[in-house]
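Chains here go by letter, A, B, C and D, matching the order in which they are written, and residues are numbered from 1 within each.
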């Protein structure tokens, strides 16, 4: 049925199956990152303004891991990566434009 | 001479763009209509497939680009001076509230209309007591929103004697279109005289003066008709249904109720009227003022 | 397929009865459901517009009270924006023709498509319920600016929820179209062989998808503040009303391109068909849609030049605003060049397309005036802006909508309207339109603010002219509608391809069969508009 | 469906890829829905940095951490359930989904206690103690309730989605060859997780 479809946007039809081990590994790394960010925030208070940056940085790494492995983005056709990138870029530009306004008021 | 120092910049950018616009509008329309006739089915039975022409396309990308950059430039240069007031500008507080402007001068004089000396930069500190307003003087080509909780300003120099309209340009509720005032540009000496003259103390009841000055009358009438809030006529002694702490109850309006209502309007709300519109006046009106108001209201029978 | 072969039952005939319509999964029926609902709301909104014009005929209070007037323009704006113009072309003609033009039998998710329509109906009910429930329709303007929208006693929550629901309806339509375009193009039809209407819808859909949620959440914040006391924009605790405006316009500016791009797509279909030659600059038109959609995201601040936004932000928004004008002007020049050396068959749809260009030029060029910082300080929130947006929305998108109606009418119903009456109606409509809105531009330059129930005496004459224009417009519009209805009941069948078009919808019978095609459609070689009867250029 | 003739590109045939593309597009709108709130958060936090810090001290970092772990674990189990079904093991897939739903419930229960504690301390808008907070702190709590509330709503929707999917697995309509719906529910669930990944540091870890 589905192989009737046009596949201009996708090349390979055999789905990639992620192994249990890989999922488990992903989970481990996410947990580690979580503890890291909590640790930095609770015990590393002297980092001051840097804490926001590190917390957000770690969160972004986590988000990337979730998207790439759990959400399978890594094995998906390029289109999905491009779309995700565009959406993120769009949102970043919103933030940047707003920052320009609020910083220069 | 222009009415204000900004007229030139604004008008230049406006009319420049309008002229370019008229040029393109007329040009494109004429060409379009010409094509409709010249290449009609009758005059040109066989069409020609022309897919593109790179040279032409580059030209008609670059020309508009240059033109819009010019437009931006004059828009900017006309706008930029509006952002910073000169240091020697005379500062006046311009207060917007539903639906009345008032202007408060440094030495305490408060007026419903703006009076300014000619050729002297004036800076208005824009204060809103409730919602968004926008102070708009078409003749001066200035406009700036008045935002509650923010202190924005606008400035200008009146350059031509005369009286001009002040309008509210940001929608602010029922009587938005009546939130009008005027600005008079006068000679310096007339201005000085005006500033020290005491407001014409007519034989108004002091309570009425207070009601007028605080814009109470833009929401409450004195003749029993309904505006935004309940009328003041026959207010004292009236039986009403109000909501207090979420419960409806029937009360008889007395002085204490009115004092409370004026100071903390959110504490009770009258059934059938929008709650939350009236702003607290506890810090604006002294107890004496409120007593004067009540005294006046009690005369409205 | 033309009617030479044994013709199959068309999609009207397969099933009958109300339920076969309101629960139909057929994209053509859903498109028509949208047409009827969108059309009805247009009339309601238009009647409100005429009511305002009547009130403004003379200064002072004549017909309605100030508060009612405020509710009327709010409802007018909400209906026209959310119930009429945003769904108009995509949901009606996009639904009906996108699959056919791509050579497929439906959109990718037919059930989701039906859900969109139901959400639309639900949202419409919410919006209109304010007439009956609570303290009447919102009186905030369609922009719902905080803090007034939080303070007023009118039924803002309901109107705002309506906009929220309608937003989701619009998102789902957009989502459906994107997937349809990615997955269901006819074999051999690459992106660059798609009709330009499909390109326009593609760009539009991305805006619907990525901008609408922002207004959704913003409006929810207003509801939360009104109902739960969660005061995110409340200035008395340091909330920032200007932040509300930012969020509102982050959606609502891109939204104006949701309104404009499909209309441009229509014009890009009509002109080559009636010029009987290939479109000039196919790629430029196709990609400029994407460019407009993309740059359009970053110019929202031009609605806020006088709001107290910072100077540097204002400069950036202003210059970006000007940059959006460039892809738009590229389109205009390409359309013009498409008429060059065509063999032009002047018919009603083409007249609407030409009127679109004229009106849209006025609208777009006045847009440039308000895009300039200095000029906008004077013109912001005046009738100049009202004139600007009616020119682009009504004169542009509205006229394109009427044009599409006349263009595809024979395909949808298999009938033809009276062409003479259609021409007369067009002429009246065009004259009425310009009489109605041109004076507004002058009023604005003279300084008359918008959302004014009452005005100063110096604005009297122009307001009267404008109101008279609205009467002319009524006549034209009623004549047009009458003519379309009459055509529907005429006995004569229209040929399957009356305009000699070559995009795929002209290959099927009129009205199309349930599954659109009963034989694989044949793509035109050398691009969708490569007219075989034209000379090589 | 009595097509006399079926187009090769028919919209009426099952198309896993279309369904996946559609799901992703929907996730983008969800991301931007929360995006609007993140914008508000960014602006108010940058305007009231100290008040946000003060207010965040009312939150229990450990509860937040536990909830993060719970959500991450549930994310892993849905991901694994997809692997299971792709390998043809519906039973295992169902079990893994059950764990996911269970984790979702745990998450909500913890959230319930957190909110309950806030309300007990009078930190709900309109309560007396709330009025005595500084403006910035009030904004913080408005945002806290609004954002975690909306997120909680998404958890509930995701749960329902997964339960529906479980039913279909039981009935066999989701199976080794046709499992896009399961994958979609997984994608949705990961999104819920993704948003929490940002909510957690933004509300709990301000120090």
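Just so we're on the same page, contacts are C-beta pairs under 8 Å (C-beta built on N, C-alpha and C of every residue); 3 or more make two chains touch, one makes a residue touch a chain.
Everything numeric in this text was worked out from a predicted model, so none of it was measured.
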item	value
Pair joined by more contacting C-beta pairs (A-C or B-C)	B-C
Cα-centroid distance, chain B relative to chain D, in whole angstrom	45
Intercentroid distance (Cα basis), chain C paired with chain A, Å	36
Rounded Å distance, chain B centre to chain C centre (Cα mean)	31
Mean-CA-position distance for chain D and chain A (Å)	15
Touching two or more other chains - residues of chain C	182-185, 187, 210, 238-240, 246, 250, 308, 311
Shared-contact residues (touching 2 or more other chains) in chain A	5-6, 9, 87, 94, 98, 102
Chains grouped in pairs wherever the two touch, ordered by label	A-C, A-D, B-C, C-D
In the complex with chain B, residue positions of chain C that touch it	66-67, 70, 135, 139-141, 145, 147-148, 150-154, 235-236, 238-242, 275-278, 280-284, 305-308, 311, 314-315, 318-319, 322-323, 325-326, 329-330, 332-333, 336-337, 339-346, 354, 357-358, 361-362, 365-366, 368-369, 371-382, 445-447, 449-456, 527, 530-531, 533-537
Interface residues, chain D side, partner chain C - complex	3-5, 7-12, 15, 17-18, 21-22, 25-26, 28-30, 32-37, 39-40, 43-44, 47-48, 125-126, 135-136, 138-139, 142-143, 145-146, 150
In the complex with chain D, residue positions of chain A that touch it	1-2, 4-7, 9-10, 15, 17-20, 23-24, 26-27, 30-31, 34-35, 37-38, 41-42, 45, 51-52, 55-56, 58-59, 62-63, 66-67, 69-72, 80, 83, 87, 91, 94-95, 98-99, 102
Complex interface listing, chain C residues touching chain A	182-185, 187, 190, 210, 246, 250, 297-298, 301, 308-313, 316-317
Footprint of chain C on chain B - complex, ascending	6, 9-10, 12-14, 17-18, 20-21, 24-25, 28-29, 31-32, 35-36, 39-41, 44-53, 56-57, 60-61, 64-65, 68-69, 71-72, 74-80, 82-83, 130-132, 134, 136, 138-139, 141-145, 147-150, 152, 165, 167-178, 180, 273-277
